[in-house]
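The next part holds the structures, each set out as C-alpha cells.
In what follows, subunit A forms one complex with subunit B and a second complex with subunit C.
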Partner chain A sequence: MTELERHQYDVVVIGAGGAGLRAAIEAREQGKRTAIVCKSLFGKAHTVMAEGGCAAAMGNANSNDNWQVHYRDTMRGGKFLNNWRMAELHAQEAPDRVWELETYGALFDRTPDGRISQRNFGGHSYPRLAHVGDRTGLELIRTLQQKIVSLQQEDFQATGDYEANLKVYAECTITELLKDGDAISGAFGYWRESGRFILFDAPAVILATGGVGKSFKVTSNSWEYTGDGHALAMRAGATLINMEFIQFHPTGMVWPPSVKGILVTESVRGDGGVLRNSEGKRFMFDYVPDVFRAQYADTEEEADRWYKDADNNRRPPELLPRDEVARAINSEVKAGRGTPHGGVFLDVSTRLPAEEIKRRLPSMHHQFKELADVDITAEPMEVGPTCHYVMGGVEVDPDTASSVVPGLFAAGEVAGGMHGSNRLGGNSLSDLLVFGRRAGMGAAMYLDSLGANRPKISEADVDAAAAEALAPFELEGGENPYTIHQELQQSMNDLVGIIRKAEEMEQALSRLAEFRGRIAKMTVEGHRQFNPGWHLALDLRNMLTVSECVAKAALEREESRGGHTRDDFPGMDAEWRKLLLVCRLNADGSVDVTKKDQIPMRDDLLELFELDELKKYLTEEELPA
Partner chain B sequence: MDVKVKILRYNPEVTEDAEWVTYAVTLQPTDRVLDALHKIKWEQDGTLTFRRSCAHGVCGSDAMRINGRNRLACKTLIKDLNPDREITVEPIKGLPVLKDLVVDMEPFFDAYRSVMPFLVTDGHEPSRERIQSQADRERFDDTTKCILCAACTTSCPVFWSDGQYFGPQAIVGAHRFIFDSRDEGTEQRLEILNDKEGVWRCRTTFNCTDACPRGIEVTKAIQEVKRALIFRRV
Partner chain C sequence: MTYKGKFRVWRGDAEGGDLQDYEVEVNEGEVVLDVIHRLQATQTPDLAVRWNCKAGKCGSCSAEINGKPKLMCMCRMNTFAEDEVVTVTPMRTFPVLRDLVTDVSFNYTKAREVPAFTPPADLKPGEYRMQQVDVERSQEFRKCIECFLCQDTCHVIRDHEENKESFSGPRFLMRIAELDMHPLDAADRQKAAQEEHGLGFCNITKCCTEVCPEHIKITDNALIPMKERVADRKYDPIVWLGNKIRRRA
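This part shows the complex of A and B:
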C-alpha cells in the first residue's frame, strides 16, 4: 500500500486564484468543510497579474449601462459562440459580486461622489471596469485571501481550530482525480516540498486551475498555467469544449528578449494610448471588420473626441476586441511595417501628461522603466501579440458549474463556454467571482443530494496514481524534461499560433505524437524533495494532452472566428457557429474530437439584438420570425 | 556576456550545511537574475530550486538576497549588478531554509495573519458599495501595493535577531486597514501592535523601505502607526 497522508473533506478546491478562493468561501459559508490545494504559495496565483479591472454593469460611470448591454457586448466579443446562459448569468450577477467584494474590504478607485470608478476597455460599450490603478487582480486576490483569514479566525473563535472548516494546502500538486463508479471520490497529489504523497477523500472537487499558456513559447502566463485542470478533468471522463479558441493578447512586451510576452495592460488604450506602425500611421482604422463598423470611429478626429464625449462619438478602433487588434498587429508586422524588435508602437506619451500617466498606469510605468529601460511618459512602447487566455475548458452546466462527471465542478479559465470564441478584457475577473461562487453553491447542493451515499476511495486507484507519479524516476538515460518542454512550446507557437493552416496543424499533431513517445521515456535527476525537474515532468503530461486538444479542434474547425484564425478558411461561417467541438480522452490517452449542436438562444435574449446584427452571425433558420 | 553566478545551495537530503556553488552563464545585459537561475536550472543543474510565478514583480514569489540586498529576481537586471564581478544569490534571511533559495514562509504568514488583515465593520452589509471619497481612498494607497514577498521583513535586523517581532510587512498590512475610512477595527488592531513584539521594536533603520520592490514607504507607514498609538487617533 502506498505511504501517504490522508484527509477527509466535503469539498476540495484545486487552485487558489480568484475562482478557487471565491468557490472555497462559498462552500465554507454553505457549511461544507473545504480544502484549497494550490501549486504556489497562497496568494501568488495568476489572478494577481490581471491589471485592467473587473467588468460589471453597475452604471456608476454611465447610467445607461445595464446587464443587457453587458450581455450584448459579451456575445459580440465572443462572436455569438458563447454559452448564452453563462453570458446571461455573468452579466446579471457581476455587479453584486463586485459590491460584495467591496464589503469584504477591496480597495477601488472612486468617482468624485465616492462610488466605485469604472474605466473603458476594448469591446465594452460603456466604462465598465471596476479597478484599482492597474493592479486590480492583485487587490482581488488579496481581498479574497483576507476574507479567508477572517473566516478562519471566526472558526477559531467557535472551535479553537483555525483550520476546522477551511484549510489551505499550499505548494501541493494534484496529479489524479479518483472515482467510485462514475462519481468523484477524491484527489491524489504530492507536496512539492517533501515530495510525499497526499490523498483527499472528498465527494466534490472544484477545478479552478486556470489556463494552458505554458504550452506556448510567447505567453503572458505564469509557470502554473500547464493545463492541469483541463487534463485532470479529461482523465476523469469529463469533456472540454472550445479548445481551438486561444486568445492572443495584442499587447505583450517584445523587448528585451527575457521579458518577451509579458503583458501591457489594455488600459493603456482605454486611457488614450494609440497604436502606430513604423511609418507613424494609426493603422487600426484599416482593420475595423464589417460586423463592428457601426460602433467604431473611422477618423482620428472622431476617435479622439470619444474620450471626452462618448455619447455622441464612436469608439477608437484601438478598442476593438482583442482578437481583432492582435490580428491587425500581426498583419502590420508581416507587411514590414513593424518596429525594430518586431512589434508595433503603443504610444501614450504624446496623449497624456506625464503625471497623469504615472497616476493612471503606475505598474506599466515601472515595468517598462525597470525591465526595458523605456520611459513610457516620454517614448512609445514596442508591443506585439502574446498567448494570454484559453477560451476553451471543461464543459459545465451554467447554473451549477458541474461537469458531466458527478462531483466534478469547474470555474474560471478552466471552464469553457462563457467567452465563446473570444473573451473581452475585464470579463475574466467578473467570471471568476460569478462562477466561483456558483461552483461553491453547486458543490454544496450536490453534497446535500448525496446524503449518506458517499463515494469511496479505491486503494488500487491510489496505488496506480502513486506509480504513475513516480514513473519519471524509473528510467535512466532519457531526456531532460526542460528540453522537451521548450520544443513543445516552440511547436505550438509556430504551428498552432495566431494564424493557422491545415498542413501546419497536421505537422503539429505529428510532433505531439513524437513528444508523447519522448515524454514516456524522459529522465528526472535527484530525489523527490522539492525537485523542479520532477514537477515539470508531471506537468508536461498535462500540457501534451491540452496541446493535442487545441491542435485537433483547430484543425477540425474550418472557419475563422475570434481566437481561431485559419489562413485557409478566412471567413466566419454561420453553420459553424451552431457547432461546438467536444474533446474527450480515448482509453489509450489520445484525444477524440466530436461535433455537438449549440443550444439555441432563448427568445427574450435574441430580442435584445437588432435583426440586422443577428443576420451577421446566425443562419437563416435561426433568425427570429 | 559571460557572468559568474555564485549561489548558496542547500539540500537537507544530502548535506547538513549550505555551500556556495559558482556557475558560469552566458547572458544578455538586459536579462534578469531570474533568467540566470532558469538557465542554470534548465542547462546545468535541474535540481536548483527557487520559487517564481508571474515573473514581473507582481506575485512576490522570488524575493532573494542578491549581492547582499533583498530584491525580486524577476526585477533585477544583470547589467545593474556590476556583472564584471561574481553575482551572489542566497535565500532571504531570518526564515528557515528548506532547500536552496526556498525558505519556510509560515512564520512570515503567521505575522501577517496576526494583525487582523481584513476589513472589520459593524452593522448590516450594504447592498451596494460603501461610499469612500477619493481623498480617503488615497490615504492608504501606498500600503495596499504590498505583494507579501517578505523582502522588507527579512531585511530587518530586529527580525533577524528576534523571530517574535511581527516585522515590517505585518505592520504595513495593519496600516492598510487602520487608515481605511471604512474600517472599524482600529482599536483592536492598534492594541495588537502595541504588544512588546509590536511596532515599538522598530529601530527605524530604513532597511525595509530600501528593500521593498514596490516602492512602499514602509518605515513611514510604521511611523504613522506609532503616532496613531501615541495619539490614539488616525
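This part shows the complex of A and C:
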C-alpha cells in the first residue's frame, strides 16, 4: 500500500484562482467541508494577471446598459457559438457577483457619484468593466482570498480551529482523479515541497485549474497553465468542447525576448490608445469585418469623437473583439509593415496627458519602464499577438457546472462553452465569479442528493496513481523534460497558432505522437523534494493531451471563426456554427473527436437580436419565422 | 550581447547548504529569473525556485540578489557589469525549504490574525457609495502583491526570531491601516494594531518602503499614520478622562 497522508472532505476544489476561490466560498457557505488545492502559494494564481476589469452590466457609467445588451455582446464576440444558457446566466448574474465583492472588502475605482466606475473594452457596447486601475485581477484574487480568511476566522470563533471547514493546501499538485464506478471518489496528488503523496477522499471535485497556454511558446500565461484540469477531466471520462478555439491576445510585449508574450492590457485601447503600423497608419480601419461594420467607425474623426460621445458615434475599430485585432496585427506584420521587433505600435502617449496615463495604466507604465526601458507616456509600445486564453474546456451543465461525470464540476477557464469561439475582454473575471459560485452550489446539491451513498476510494487506483507519478524517476539516460517542453511549445506555436493550415496541423499531430514516445522515456534527476524537473515532467503529460485536443479539433473544423482561423477555409460557415467538437480520451490515451449538435437558442433570447444580424450567423432553418 | 555570466547561487535545504558557482549564458534584455531558468534547463534541473507570472504581478520570485531583497523577474541583468558575480540567495527572514525557496507560512499565519473587513450593517450589496478620493488611500495598500520582501527586510524580525510571535510585520500592519482607512469598514482596529500586532516595534527606518517593488509608501502612508491614530487615541485627554471615570464606576 502506498504511504501517504489522507484527508476527508465533502468538496475538493482544484485551483485557487478566482473561480476556485469563489467556488470554495460557496461550498463552505452551503455547509460543506471544503479543501482548496493549488500548485502555487495561496493568492498567486493566474487571476492576478488580469488587468482591465470585470464585465457586469450594472449601468453605472451608461444607464442604457443591461443584461440583454451584455448577452448580445457576448454572443457576438463568440460568433454565436457560445452556450447561450451560460451567456445568459453570466450576463444576468455578473452585477450581483461584483456588488458582493464590495461586501468582502473590494475597493473598485469610483464614479463621481460614488458608485463602481466602469470602463470601455473591446466588443462591449457600453463602459462595462468594473476595475481598479489596471490591476483588477489582483483586487479580485486578494478580495476572495481575504473572504476565505474571514470564513476561517468565523470557524475559529466557533470551533477554535481556523481550518475546521475550509483549508488551503498550497503548493500541492493533483495528478489523478479517483472514481468509484462512474462517480468521483477523490483526488490524488503530491506536495511540491516534500514530494510526498496526499489523498483526498471526497465525493465532489471542482476543477478550477485555468488554461493551457504553456503549450505555446509565446504566451501571457504562467507556468501553472499546463491544462491540468482539462487532462484530469478527460482521464476521468469527462468531455471537452471547443478546444480548437484559442484566444491570441492582440497585444503582448514583443521586446525584449525574455518578456515576449507578457500581456499589455486592452485598457490601453479602451482608454484611447491606437494601433499604428510602421508607416504610421491606423490600420484597424482596413480590418472591420462585415458582421461588425454597423457598429464600428470608418473614419478616425468619428472614432475619436466616440470617446467623448459614445451615444452618437460608432466605436473605434481598435476595440473590435480580440480575434479580429490579433489577426489584423498578424497581417500587418506579415505584409512587412511591422516594427523593428516584429510587432506593431500601440500608442497612448499622443492620446492622453502623461499624468492621466500613469493614473489609469499604472502597472503598464511600470512594466514597460522596468522591463523594456520604454516610457509609455512619451513613446509608443511595440506589441504583437500572444496566446492568452482557451475558450475550450470541460463540457458542463450551465446551471450546475457539472460535467458528464457524476461528482466532477468545472468553472472558469477550464470549463468550455460560455465564450463560444472568442471571449470578450472582461468576461473572464465575471465568468469566474458567476460560474465559480454555481459550481459550489452544484457540488453542494450533488452531495445532498448522494445521502449515505458516498463513493469509495479503491486502494489499487491509489497505488496505480503513485506508480504513475514516480515513473519519471524510474528511467535513466532519457531526455530532460525541459527540452521536450520547449519543442512542444515551438510546434504548437508554429503549426497550430493564430493562422492554421491542414498540412501544418497534420505535421503537428505527427510531432505530438513523437513527443508521446519521448515523454514516456524521459528522465528526471534529483529527488522528490521541491524538484521542478519532476513537476514539469508530470505537467507535460497534461500539456500533450491538451495539445492533441487542440490540434485534432482544429484540423476537423473546416471554417474560420473567432479563435480558430484557417488559411484554407477562410470563411465562417453557418452549418459549422451548429456543431460542437467533443474531445474524449481513448483507452490508449489518444484523443477522439466527435461532432455534436448545439442546442438551438431559446426563442426569447433569439428575439433580442435583429433578424438581419441573425442571418449573418444562423442557417436558414434556424432563423425565427 | 550574449555573454557568460557568473552566478553564485545558494543550494541546500533546512539542514544546511552553501553558495555554488555557475557560468551561464546571459542575453540582451534578460532578468535574473531568466538566467535562473536557463540554469534549470541546462545545468541544474532540480534547482528549486518559486515563480509564476514573470511580470512583477504575483510576488512569487522573491530572493536576495547581491544581498538586496528583490523580485528576480524585475531585476534586469543590464544593471550588473558583465564580469560581475551575481549572488542569489533565499530570503533570510524565513526558514529555507530548498535552494531559493523559503517557508513563508509566517505571513499566512499573520494574515489570519487580522480581523477581516467588517461590512456596514445597514448597507446591502450594490448600495455602497464611496468617493474616489476616499478609496485611494486604501487602494495604494491593496496594490501589494504579497512578495513579502518588506517582511524579509524588516530588522524587527530579520535577525530576531523571538519577535515573530508579537510582530505582524510591515505587510500586515499595512493591511490593518488599509482596513482602518477603508471608508466603510465598521470595525475598530487601532488598539489591536498596537497591542496584538506590534505596531510599536516599528521605528520607521523605511527599509520596507525601499524594497517594495510596487513602490508603496508603506512607512509614510500606512505605518506612520497608523501610529498617529493609535497615539491620538491613547493620549487623547478626553478619552483618558473617560476611561478613568468608567474604571472608577
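To be clear about the criterion, the second predicted complex is superposed on the first by the 625 of 625 C-alpha atoms of A that agree within 3 Å, B and C clash if a C-alpha of one lies under 4 Å from a C-alpha of the other, contacts with A are read in each partner's own complex, and residues count from 1 in each chain.
The rule is simple: contacts are C-beta pairs under 8 Å (C-beta built on N, C-alpha and C of every residue); 3 or more make two chains touch, one makes a residue touch a chain.
What you are looking at is a predicted structure, and each value in this text was computed from that prediction instead of being measured.
K.L.:
State whether subunit B and subunit C clash or fit side by side on subunit A once the two structures are superposed.
P.N.:
In the superposition, subunit B runs into subunit C.
K.L.:
For A:Phe285, is the partner it touches subunit B (first), subunit C (second), both, or none of the two (neither)?
P.N.:
After superposition on chain A, A:Phe285 lies in contact with neither partner.
K.L.:
Per the contact definition in the header, classify A:Tyr307: touching subunit B only (first), subunit C only (second), both, or neither.
P.N.:
Neither subunit B nor subunit C is touched by A:Tyr307.
K.L.:
Does any part of subunit A touch subunit B in one structure and subunit C in the other, and if so which residues?
P.N.:
Shared contact residues on subunit A (touching subunit B in one complex, subunit C in the other): 40-44, 46, 48-49, 58, 99, 102-105, 107-110, 112-115, 132, 135, 138-139, 142, 146-147, 149-150, 152-153, 193, 222-224, 256-259, 262, 363, 366-367, 370-372, 480-482, 486, 524-527, 529-533.
K.L.:
For the complex, which residues does subunit C have touching subunit A?
P.N.:
13, 27-31, 34, 40-41, 45-60, 74, 76, 97-99, 101, 104, 108, 111-112, 115-117, 119, 125-126, 128-132, 135, 138-139, 142-146, 179, 182, 185, 215
K.L.:
Give the list of subunit A residues in touch with subunit B in this complex.
P.N.:
Answer in residue numbers: 40-46, 48-49, 58, 98-99, 102-105, 107-110, 112-116, 132, 135, 137-139, 142, 146-147, 149-150, 152-153, 193, 222-224, 256-259, 262, 363, 366-367, 370-373, 480-482, 486, 524-527, 529-533.
K.L.:
Spell out the residues on subunit B that touch subunit A in their complex, using ranges where they run on.
P.N.:
The touching residues are 11-13, 28, 30-32, 35, 41-43, 46-49, 51-61, 75, 77, 98-100, 102, 105, 109, 113, 116-119, 121, 125-134, 137, 140-141, 144-148, 177, 180, 182-183, 215.
K.L.:
Of all residues in subunit A, which touch subunit C in the complex?
P.N.:
Its residues touching subunit C are 40-44, 46, 48-49, 58, 95-96, 99-100, 102-105, 107-110, 112-115, 117, 132-133, 135, 138-139, 142, 146-147, 149-150, 152-153, 156, 162, 193, 222-224, 255-259, 262-263, 363, 366-367, 370-372, 480-483, 486, 524-527, 529-534.
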